[in-house]
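First chain A sits with chain B, and in the next complex the same chain sits with chain C.
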Partner chain A sequence: MEAEIRNRPAFANLIVNLQAGEKIVAEADAMASMSSSIEMSTRWNGSVFSALARRYLGSESMFVNEFTTSSTGHVVLTQPFPGDMACIELQGNTMFLQPGAFIACEPSVNLGLGWAGWRSYFGGEGLFRLKVSGKGRVWFGAYGAIFTRDIQDEYIVDTGHLVAYEPSINIRLGLAGGIFSSFFGGEGLVTRVKGPGKIYMQSRSFDGLAAWTNSHLY
Partner chain B sequence: MKYQMLCRPAATAIRFQLEQGEGITCEVGAMIAMSTGLTVNTTSKSRGGSGGIIKGLKRMFSGENFFLNHFTAQQSNQSLLIGPAMMGDCVHHTLTGGTMIVQGTSWLASTGNIEIDTSWQGFSSALFSGESMFWVKCSGAGDLFLSSYGAIYPVQVNGEYTVDTGHIVAFEDTLQFRIGKAGKSLIGSFLGGEGLVCKFQGQGTLYCQSHNPPSFGKLLGPKLRPR
Partner chain C sequence: MSQADETFTGGIFHQSIQDGRAGANIRVVRGEVIAEPLYGNSANGEQAAFAIPLRDVQLDMGGASGKMIFCRSADKSLTIFCEEKGFAKALERESAGQLSDQLKSLKGSLRKENRRFMFWLSVSCVALLLFCVVGYYGLMAAARTAVHALPTSVDEQIGKAAIQSMIVNRLPSDHKASELVKQIVNRLKPHSKFPEMGFEIYVVESDEVNAFALPGGQMVVYTGLIKNADSPEQLAGVIAHEMSHATLRHGLQAISQSIGVVAAIQLMVGDVGGLLAIGTQVAQQSVMTSYSRNAETEADLEGARMLHAAKIDPKAMATFFAKLKHEHGDIPGVVSWLSTHPQHEDRIESINKYTDSLTPIAYEPLDVDFKAIQDSLN
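For the complex of A and B:
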């Protein structure tokens, strides 16, 4: 199954070429266009309860779409906001994704929900996170461009900028500076990530856009 | 007239080089910068001649502006830089006598004797498509420039092709289209988030955009302060 991420980094979209019998799983409303030979079917994202939990606690859709064909065709998959996409090849390992980041995966990948902890919740990163595991490729996106970093000891990421990370990473909340600079410096709370492991960050934050837009509304 | 697309696909702008006597018609507000030897004529008439107030009003309903800007070069080697309002892409299409149906706000500029007319898409497709109800019909011969939210990718349809309705930029009128469900079942289509999709049939060029404003707005909207 050939897949290519086009138009990076601002309006990244994924074009998947499917041969007969090949299948791709994508989040709801990810399809922009597709050949008429592609069949789309919708199913619950896991069991009923986990799907509901995923929707209301993880900001992921309750349903996923499976695209398959009996001949050949292509599907163009996208995300609601402008930004970059990345692909990870899982080989039995696990990866945690922030809410809203997941776009598509091969059917051999397991989608699960993991508890992120209250620290993550107060850091604006959500109570739950999506856990992808198994073997196969996973495509996820971000608002903005995607940066990766291998963490050895400790690193600081502004809240709202963490997209994905390996399970060996420990997340802790902290203040950016002292009380004064945190409040007036605009950084507020930050996430302290402790390695070893790899993290993916995004160059823009959605809450930053909302705050900026709000300040211009009258 | 020569044109050059700059900074695709996210912040696309088009730079024109016009010789004496050459002109181009653009969406009002599209001009970024221009040489001093260009005159601007703002009218409600499309270049083709016929037009006037009624056509201008129709254009307003389609999301396009009431007025059009006609730029004409009075000297040689004049440059004009235009761009759309939203972050996104632009694409060029050569019309050779046929008709291109363009989504409400995607028309950016055109040359020659291209008629710009607003047509009514009909209720059923409008209610479900999430797109504006109106389309802009461009017919004649010349260069057509379209803009979008997202990256534009062309598809040469030969048979059938399916597009999520918020992702259509423009299509040749040699293509037939009907609104249908995305998956096999109606409920599945809605739960799967796709809702209704547009199925194109025939032969012709179709321009799609990689992102659509309503999905972005649905995510941003709840975070905004109520007014």
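For the complex of A and C:
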């Protein structure tokens, strides 16, 4: 299956070329356009309960769509917010994604929901996270540009900017500076990530946009 | 030995693997920790195995769960990690004690980490609680003070909107009792804090011995109260008390406190549009329930001041209190004016203390045929 992320970085979209029998799994409403030869079928995102859990706790769709064709065709997949997309090729390893980041994956990839813990919640990363594992490609998106970093020791990421990370990454909360600077410097809490492992970050945060918009409303 | 065949699932980091990482099956056996990538080494498609002798292993702990164990080779080129439960035990067992020290310090650091987290969690909970308590009392005080920044037109709007449903059985304005109360208000008005406030007073037919004021100077006196007064000065005492509630903005304070935080912020910003609707309803309710004890004492003293300034004997107020308490103290409900105003003795005492401190002047009694007015009421 050929797939390419185009129109990067602000309004990226994924075009997937399918041959006969090939299948791609995408979250609901990700499809922007597709060939008429493509068939779409919808199924629960796992069992009924896990689908509900994924919807309400992981901000993922309750249903997923499977696109396949008996001849050839292509599907264009998108995300609701402006930003870049990235592809991860899993080889039996696992990746944690922020709620709402997942877009599509190959059928051989397993989708699961995991408890992210209170540290993650206060770090602006949500109480739950999506766990992708198995073998195959996963496509996810973020708000803003996506940049990655291989962490060996410690690194600091502001709350709301962490998109995906490996299970080998340790997450801790900290204050940006002392109490005074954290409060008035506007940074507040930050996430201290400790390696080894790789993290994916986004260059914009939704909370930042919300706060900015609010301040301009009157 | 079935234990040696135990396979764990974890991962490995090594440069030779495509993308540098892969999921792997891990076994701890024959003095080594061995990892086999789940899907082979994609670089050449062969099933490669990576091993670290246990005597050379550097252990570390971390991961998103905090419980992931990392096994690093001596040159740090290979890392095998696993967070499954039995992994640490397997390492302990197969290393024949060589890794015991490292494992113990890992466990210790994990415990320390957890304790640190719990400490900061409890500190932040306490801080949050303290902030809420201090914030609540601070905002309540601010809500009381912020009211004074508003123009009295706000009070009048609220009062006028609320009064209509409360004066259904009112006496006509040319009735003797209506004219008397209006006369008293006109005499007291110039000496009040806001002489330009739109005071309006209605007499409503009811056996209840009660009177109340809404924000902005809308007032109601029940005929029951007029009938129970010994003199017009006592009636004037009640009216002065109620006018003080209006001029001291107690109604608005009660509203702003009951609406709470939202109101305080809105009042300070000056946007009162949304408050009017709630204020009307709350004004009607709060008038029937009691004002705070402070508000009552404030109204007593301000009322006494007004009476004295208008040359009406302020002692009449305290006398009326004592009379009602003495005569009807045991019949709750009838004397609702008192029952909504608690701690009678204290208040009688504080009024008397205040009136005693005033320089005596010649008081001018109200020149009316009070008995005739009382008789004209049903």
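Please note the rule applied: the second predicted complex is superposed on the first by the 218 of 218 C-alpha atoms of A that agree within 3 Å, B and C clash if a C-alpha of one lies under 4 Å from a C-alpha of the other, contacts with A are read in each partner's own complex, and residues count from 1 in each chain.
As a working rule, a residue touches a chain if its C-beta (ideal position, glycine included) is under 8 Å from a C-beta of that chain, and two chains touch if they have at least 3 such contacts.
Note that this is a predicted model, so its numbers are computed, not measured.
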In the superposed model, does chain B or chain C contact more residues of chain A?
-> B
Could you look at A:94 and tell me whether it touches chain B, chain C, both or neither (first, second, both, neither)?
-> second
Could you tell me if A:28 is touching chain B, chain C, both of them or neither one (first, second, both, neither)?
-> first
Name, in rising order, each residue of chain C that touches chain A in their complex.
-> 11, 13, 17-24, 37-39, 42, 62-66, 68, 70, 79, 81, 83, 117, 121
Chain A residues touching chain C - in the complex, by the definition given at the top | 89-94, 96, 116, 118-119, 133, 135, 150, 165-171, 194, 196-198
In their shared complex, chain B is touched by residues of chain A numbered 6-7, 10-13, 27-36, 38-42, 61-65, 76, 78-82, 100, 206-207, 209-210, 213-214, 217
Please give the residue numbers of chain B that touch chain A in the complex, ascending.
-> 9-11, 87-89, 150-151, 153, 155, 159-164, 167, 182-185, 188-189, 191-194, 199, 208-212, 215-216, 218-220, 223-225, 227
